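Just so it is clear, A, B, C and D label the chains in written order, and each chain counts residues from 1 on its own.
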């Protein structure tokens, strides 16, 4: 069982990702994004990607870097924030966007990882989000049927990983990383600290090793802050 | 009191909806200010949908942590008793009805309790974020907004004209002019408080939604 | 915010449970069961309960104690094991049983806690479990529609709790306790150790305090072992 | 070899289905014994559906821990790299196709890959436990069982007669007499190995299910 690779590029090379693939990317805004894997994806140059990620980064960091290189054909997100490049590509019709309510997005990804074929959520009933979807009344309340999301590849960032692939996240950098780690056909994790198997408390593991195919210690972490706010 | 900004007055009034032991989600903007008016001795736990229960104040300069942000992507701190969790669990809390109270802004609210707050006419759509889940899932949903838009048109309407965020989900509307409960059965609003300096006629003149009047002692804000 | 009570009896008194209520009880076999709360439920004497729990205890411990007193009208479980009392009451028609596949049971409880109106699972398709339920093909695979489970009361047992109600479980005693803690209208947790708020690492909490209405330090833990097996 | 019990031979043969890095769920009974035959140098992580990845050997007498059991409710230990999780997450792993291999017993298997193993005729029903999830969710499902029941009747059948645990979900059947692959397309079995001491006629005589013969070199077990 050899999951540890030396670099993000090596991990991606093992996967053999094709143009047009669906890639799930963890993080919320710039918090907890797999910085090194995004850079390696940019280096790899694969095109026409569908990227499932709660946000789309900013112009010059995170997924914004893949917008610069026009590698993303479609984004599945709940909020795309202030990203001028995104806006331009969207208005030009180069970039397709599917807006999914944040909780529905998280649940669809979890469902994808947990083998659920679909689920009924009250979120979005009576709104544009429910258009074209099955709705039904269950015990007097209206629900919308939502489908699972999976992808050829899931990219996540954790704080600590062990050599078996067990992961611990830190603070709110956990966010979408935990469900996304379960929903890739192949999942690659990058970590700030890599420790020998056995170093982590089995009660405290956030993502069990079964979900992780490859992992690497990130070469460098910028951990940029979007809205630095102080007292 | 008169020197307070309108934003602060709205936040103060909204804070009166808090109760001891409540788990509360505060939206971006004025709702965030509500945190400043939690009464002494009351414990309210603030939820951030990106995966935190127990939001604390903004950090000191040296305390800033890139791994600790709120749903508005601002750096924050966490209070004793806080917990971190993933996004699926976080929205399980919301959708499962575990959040006692959500306070958020709106562009329009209808007399049946519909809300529109995610698509701004003439602007690029940024997405709904977690708003649709919050209005559909929280036990009680309170809207804090200006009574009228910049052109003076009522934001309380018989029917929303903008694409909805949620249907029949709002419980209370707080504006700088008045407070309305939503009677979802009757599909009308109930005017329960008003700015004492405004007459009933003045409220009527700037409100398009249907409402009945059942004024209570104005809660001191 | 006062969640800590002095005893299991005090917690139940605060809830005001009625005959005929649905109670969700954590544990797997005898591992991680809320021993003190089960005893208090027996003392309380409420009748005609529907109990949702993966197993039904043994003749003289765990939920078996509530079978002795004939307080349970219906069990919702995946496996009832070797329990003679259970068998007798079941064959006599005194006790109704709904068998639910273990994963479907866990997922239905999670759905109940997470506000999901129903979900499609491949488990049980083509078996007696699917009888009378909606089935459908999704992306070429057959699924069964399953409904959420909630209850008036959820009883769970954790290893450590803080005074705000944050919980940590220990080893495989976590099992159904974690989803069940989310699915009660009221949730009571009993713990082996009660610590002041702030003592627990926020990254390591298994059940956030939002799910817990009352908690207590259990008076006594027997922690009986069903199948003591050694090397 | 000849002194080995039939149980041990079955477990050894099943162990040949393991691969390095596999995450595996072993059912109660003979499947549990497979853990004893993991080849040297191969890492296989054993999953227990009550919430453990990385099952270790049974504990020493002084190591017994009431909080650490397997799905058969036996006390166990955990290996380095283990993790604990809740039941919903555990079955997410199973249903989501993350378990590479499940090995379990059966009362009957059909030539289309159906399995019946939870309702014993004439006995009180104990429940299906996690078996229905495992057969529906694991990437590959291997049945280890005796070829015939106590009355001598074939447990490999054209159609199961007992209530099903799962439909079209079995990939391989290992008995003390033979090994069959399930050709789900053709809805028939493929005899790929047999006890060298038994003739094809002898296998045919004790097997009710339809199968074709495509014998491979018997894998040494």
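In the analysis below, a residue touches a chain if its C-beta (ideal position, glycine included) is under 8 Å from a C-beta of that chain, and two chains touch if they have at least 3 such contacts.
All values reported here derive from a predicted model rather than from experimental measurement.
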Per the definition at the top, count C-beta pairs in contact and tell me whether A-B or A-D has more. A-B
From the mean C-alpha coordinate of subunit C to that of subunit D, what's the distance rounded to whole Å? 29
Go ahead and note the Å separation of the Cα centroids belonging to subunit A and subunit D. 35
Can you compute the centre-to-centre distance for subunit A and subunit C, using the mean CA position of each chain? Integer Å is fine. 33
Subunit D residues touching 2+ other chains are 78, 84-85, 91-92, 94-95, 137
Could you list which residues of subunit A touch at least two other chains? 107, 110, 114-116, 121-122, 169-171, 174, 202-203
Among the chains present, which pairs are found to touch? A-B, A-C, A-D, B-C, C-D
Given the complex, residues on subunit A that touch subunit C span 107, 111, 114-122, 136, 138-139, 141, 143, 147, 168-171, 174, 202-204
Which of the residues in subunit C come into contact with subunit B in the complex? 1-3, 110, 112-116, 162, 164, 166, 182, 197-198, 202-203, 205, 208-211
So in the complex, the part of subunit B that touches subunit C is made up of which residues? 20-21, 23, 43, 45, 47, 53-54, 78, 80-85, 91-99, 137
Which part of subunit C faces subunit D closely enough to touch in the complex? 28-32, 54, 77-81, 87, 90-91, 99, 101-107, 109-110, 121-129, 142, 159, 169-179, 206, 223-231
Help me check something: in the complex, which residues belonging to subunit B touch subunit A? 48-52, 57-61, 63-70, 72-76, 78, 84-88, 90-92, 94-95, 114, 119, 124-133, 136-137, 163-168
